[in-house]
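In what comes next, chain A is part of two complexes: it sits with chain B in the first one and with chain C in the second one.
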Partner chain A sequence: MMHPFTIPFVVGFTMMFIVLIIRYSNWFRGFSIENRKRIANHMFSRKTIQALNEIFKESLLHLKIYKTNPILGYMHMSFAFGWFLLIVGGKLETWYYTGNFVNPPQYAIFFRFFHPVTEATTIHRIFDFYMEFSLLIVLSGLAIAMVKRIRKRVTGIKNTTHHTRANRFALTVLWFIFPLRLLAESATTSIHGGGSYLTKITSTLPFHTTVELPLWWAYSISLGMFFLCLPFSRYLHIPTEMITILLKKWGVKPELKLTTNKGLQAFEIHSCSGCGICLDACPAIGVGNNKFQSVYFINEMRNGKDHYKTTGLCLSCGSCQQSCPVGIKLEPLRIAARENLNSTMQFIHTYLPSKMILWPETTNVILYTGCMGRMNPRTTKSIKKLLAEANIEYIHVDEDENICCGRPMALAGAKEQAEIMISRNRDIIHSYNGKVLVTTCPICFKQFKNSYNLNLPVMHHSMYINQLMEKGKLKRHQSELNFSYHDPCELGRAFNCYDAPREVLKHAGNVIQLSMEKEKSLCCGNNMGTILLKREDRQQITDKTLTVLSKNNPDYIVTSCPVCKNTLSQQSSIPVKDIAEVLTELPGIKQKKEPSASPLPQGKAD
Partner chain B sequence: MQQPTVNIIGAGPAGLNAAISLAKLEIKVNLFEKQDKPGGHLSHWHSLFPNMYDAKTLLKSTINNIKHPNIKLYTSKNIKQIKRQNNQWTISSDQNQEYTSDAVIITSGFNLFDATKKEEYGYGIYPQVITSLELEQMFNKRSKWPFSEEIEAPKAGFVHCVGSRDTKCGNNWCSKVCCVKAVKQAIEFKKLFPKAEVNCFYMDLRMFGKGYEELYMKAQVDYNIQFVRGRLSEASPANGNKVNIKAEDTLMNRPLKQNLDMLVLMVGMTPAILLNKQSEHIDFVKPKFQQGFITPVDNYQSIISQDTPGVFAAGTCKGPASLIDVIQDAKATAFEVLEYLKKEKEKKAEILEKFNMICAH
Partner chain C sequence: MCPLNFGYSVSEVKVIDLNQEKPVWLKKIFKLEPSLYRCISCGNCAAICTAGHFTEMKFYRLCLNAFRGQTSELKNNAKACILCGKCQFACPRGVNIRHAIMLITQIQQP
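Moving on to the complex of A and B:
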């Protein structure tokens, strides 16, 4: 059962386990007390079964990748699931053959060497068939992987990751494993007989008796090398991803301060397989000379390299997070990295207005237009017109002066600074007795929703207008106009708010279907998210986005974000409007007043 | 020998002056104008910096000069394309009329920046916010002041560099003339409303031309016009038909708020056309973002490209320039065209001579 050629494998395999245990226990030590309690509470619950289910679906079958790109999905699945089938088969085979459940792993892995010809019973034939079938699955995946490296477009992707030297080495070793296994097994079959359909074919090759052992040695060495590399390369994601899924299901939260080798973040960072699916999703890919996409950002963090640029250049549009097959929370990771880098940022906020209210005013809507509202007075004017038209009482809380919602600061990683703005703004908003806070800015909307803990519901104006229209408080005449709708990142991907603005537009005209929209919508190019990306690069992104939006010659490009509107309108030859402006400014869509002044139907929750 | 012909596209100051110069040199000129009258932007101006010369007088005398037997003026002709045929250029209008000539001068001029693109300044939203062009119309009494006639001491603000030196809207260039034009307009406004309070918001004042600096000094000393270094951040509506502006005085290091009766945006120059060069023809198309101004082969010539001999450009279609520079450039271009026509004529004569010699043998 033991043969000298198995030593490289045994050494590599053992070393991998030792390194993994050391690394993981280090990361585990970084968990806060709350997180440890969460693990303890949920470890023996249904959550674990749910996690196992997800591990099976995502770590082995890779269903998420399969849904976005079937060829890539099959490639990942064939590697992971095919290898998994081989492991399970090897286990069952040795168990059946020896009668002992526990056998050393090398016995299963090199089973064919030790037992070239098994008894010709049906069950053995089935085992042989099954093992060679599993190997074939893995080899088919390998073939795709090789094609992908040479001609990426065949597999339906435009960009592949440029890997580090260590990763390239590990990749090469991985590619050698399974062809070597096939060769070694074929040599054995050729000399000793046995085997199933696959080796029956390959064993016809002229194998000399002297090559058999060297081939097994080579197979063992490649395996050993791969396992030795695994904890130091991107293949660390294989075991780590499974643990991360478990941890997330158990409710573990990211640690407050990001450390790349502590807590949940360490597991997340090392769960990245470096597959590069985030590259094609990134609206900034191919723009300028920047390689800041998430796969590079994570790789730098993982290797302890300077990640100032990859952290700061990103526009935070959320596209990569949406596409990540591992489900890594990339945006919080980046912001946490910025917090580490920009913690010294200090600004004076003594100028911020404060509000003293003795008798809070009562109103229906508290309207907040934000800083970008000041850049878009047309939008502000339009939303006010619409509120007046629908007979909604409102207070424009930042009409004269406003405090930034704090999101640009938070995105820059200046958390404490953002907190000052948040608390001042919250005081102002809470000093009114409003039923709902409506904002025309998705950036403010996201900040209000996620970081404010307000005592009233928050709505983006596209949602509120849609509600007013549904209740019949606003009516429009459907025109022949064609609209292209641009989904703002902070509204679409962040809150899955795709339908409300489209519903509103459908009341006024036709909404054109675009090649990239909703989850796949491109960034306008001027998101507050970036602190480093050059203007020329951003304008290139805007140009790409406009190409998508301008197709089919719409009459208007419509969006519901003041930043998107401002950015797109600078470069667009087609007029760009906010959704509120569409309803108030465009001719031919205003509903003519009905002759009888019937009272408007009253909604329940306004 | 047949008299050579030159087609000139655009009858603004550049086109008019080039036409006059060429006509005087015994060259036939076809002058094409998109509008129904020649004059270009000059016909909107009231008076000209730095000497407050009357724009109408200048325009009248120039138009008088083009009543020359060698000049034929075509108005309401929108030129879409120029084509090369047998060493000649044929230009075609959007009504598919064609005109052939030995050389072409493009003098298509500029467009004023669309101030609605700077929405934060409120142009098109608040009636008090106007462009520098509209102010000239008011000086010309073609339109009304944006404030009530009863106001004796109106408060006015001028915003420099609107759509110029602004990477955000893709206009990275300086429009050259707005600095001194704002000074001129502020003085003119002060002459009409001596009690008015006028503030100019600038980022740099570029008084490069002859007499500009002097005019700027005069504005401060004689007319008490205030110059504030700092750009406007926004304009918003204020009570009493006023517009409220927020800016920063960067020399005093303090934020600033004012209620104004009139806010003038000094809109910059943007390209009017984009030349889409194909192998044998040039199409005139709408300029795209950051594209448009014609770049000649070098800064010292007006020929637009080595591949298109006989096509020249003059005036502001090459980039922002003052009226003085434009007129001088047009006259210089006329001489360059003359030189080109002479060379072509010599070439033709040479070929003819060779041909005659071959025939003689």
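Moving on to the complex of A and C:
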């Protein structure tokens, strides 16, 4: 059973296990006490079963990739699942054949060499059939992979990743494994007989008896080499992805400080398969000469290379995170990387005004328009008009002077510094007795939601207007106007808020369907997330986005973010409006005046 | 002999010395954020600035002073910025002001 040709495989396989255990235990050592507790608490719970289910769906079947791109999904599935079928089949075959469950792996892998002609019972025939079927699945995936490398367009992806030397070597070896297996099995079949439908065909090739053993050697060597390379190449993602899924299901949180070889982040970084789906998802792809997309960023982190550019150029639009089939939390990773890179930044913000209040004023809505609101007085005016029209009491807390919500600061990697702004703003907001905080800026909205711990609910104005309309407090006349709605990244992808603004617009006119919208919507090009991107490049992104939005000649491009609105309107030939402005400014949708309507209160209603 | 007295003199600090070599750290900032060269000191950035509302911080002045080699207050002034980004929307020249400020606050001035 222990023929010397199996040695390369055994050595490679064992080495892989040793290296993996060393690397993983290093990463495990980086877990904080809380995370260790989480693991201990959830290890023997339903969570583990859920994780196994997800591993089956994502690591073997690759359903998410399949949904994005069926051909690419099939390619990944055929490799992973086909290989999995082979392993399971090999296990069962040897178990059945020897009566022992435990057999060395090389026995299963090179089974055909040891037992070319299995006795012709039905069970054996089924095994043979099954094994060759699985091999065929893998080979079909391999064929697609080869075509993809040669002609990427065939598989429907526009951009593929460029690999480092170690990766290319591992890839080449991987490509050899299964064709060699087929050849070796065919040679054995042609000489000794046996086999099923696949080798029946291939064994008709003129195999000389002397080629059989070298072929098995080659197969064993290629396997061994692949396993030897695995922990040092991107194929490390195969085992790592599965562990990451488990860890996440167990509730493990990222460590506070990002270190590429510690804790959950280490597992996340190494579970990127380099599939390149994030390339096509990025609005900045093909703009300028910037290669900062997540796959490059992750690669640099993995290899300990300088990643100042890949972190700083990114717009934090969230598109890649949304589409990443492995579910890597790319945005927090980038921000954590910025925290490390910009740790020497110094700021002094003690000058920011603080608020002391003895008698909190009571009101319905606390309106916060943020920094960008100051640059969009029209939007502010419109939302105030709408609130007044619906007879809602409100207080505009940052009417005179405003403190930034702190998100741009946090995005730049100064989380602690942002805390000062957060606490000042929180004091101001808490100094009123409001029922709901409404903000016109999605950036502020995200920051309020995620980092503020407020004592009242927060709503973006599009959601609030929608609510008012549903309650019948605001009415509009549906006109013939056509709107293109631009989803702001920080509202759409960040909060899945796609319907509220569209519902509002439908009260006023028609909403045009776009080729890229909702979770696929493009960034306006000026997301506060980017630090380094040049204006020219940002403008190009804006142009691309406008091309999508301007299709079918809408009367207005509508958005619900002051940043998007400013950015788009700079370059658009079609007027760009905020959703609140649509309801107050457009002539065609004049509000239906109720005969009994009371005179509208002006300004601060009290 | 004392020189001819014209009744006025040129103040040292107001001389613009174009020959002056920029210190190495300042050169580095300009290299990392070349869009600084585009600034025309129009002042838009300061007009809209929150930090400028409360403090002496005015980005166009930072920029101007950096060009003139007057760097003593550069870092201190920049520290007031809250990176809100309003200035970048107002800037007609596309200066990456936030990045420039992030760099300035990180310099290790000798």
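Quick note on the criterion: the second predicted complex is superposed on the first by the 594 of 606 C-alpha atoms of A that agree within 3 Å, B and C clash if a C-alpha of one lies under 4 Å from a C-alpha of the other, contacts with A are read in each partner's own complex, and residues count from 1 in each chain.
Just so we're on the same page, a contact is a pair of C-beta atoms (placed from the backbone, for glycine too) under 8 Å apart; a residue touches a chain by one contact, two chains touch by 3 or more.
All values reported here derive from a predicted model rather than from experimental measurement.
When both complexes are overlaid on chain A, the residue A:Q571 reaches chain B alone and has no touch with chain C. Of the two partner chains, chain C is the only one touched by A:P408; chain B is not. When the two structures are aligned on the shared chain, A:R535 is found in touch with chain B and with chain C.
By the touch criterion defined above, A:M421 reaches chain C but does not reach chain B.
Shared-chain residue A:K381: touches chain B; no touch with chain C. Once the two complexes are laid over each other on the shared chain, residue contacts for A:D543 go to chain B alone; chain C is not touched. Touch criterion met: A:H349 reaches chain C, while chain B stays clear of it.
By the touch criterion defined above, A:A266 reaches neither chain B nor chain C.
Chain A is touched at more residues by one of its partners, and among chain B and chain C that partner is C. Of the two partner chains placed by the overlay, neither chain B nor chain C lies in contact with A:L60.
In the three-chain superposition model, chain A touches both chain B and chain C at residues 374-375, 535, 566. Interface residues of chain A facing chain B in the complex, by the touch rule stated above, are 374-378, 381, 535, 539, 543, 566, 569-571, 573.
Within the complex formed with chain A, the chain C residues making contact are 35, 48, 50-51, 53-55, 75, 79-86, 89-90, 94, 96, 98-99, 102, 105-106.
Of all residues in chain A, those touching chain C in their complex are 312, 342, 344-349, 351-353, 371-372, 374-375, 401-404, 406, 408-409, 412, 414, 421, 526, 528, 531-532, 534-536, 563, 566. The residues of chain B lying in touch with chain A in their complex are 117, 119-120, 122, 125, 167-170, 233-236, 286, 288-290.
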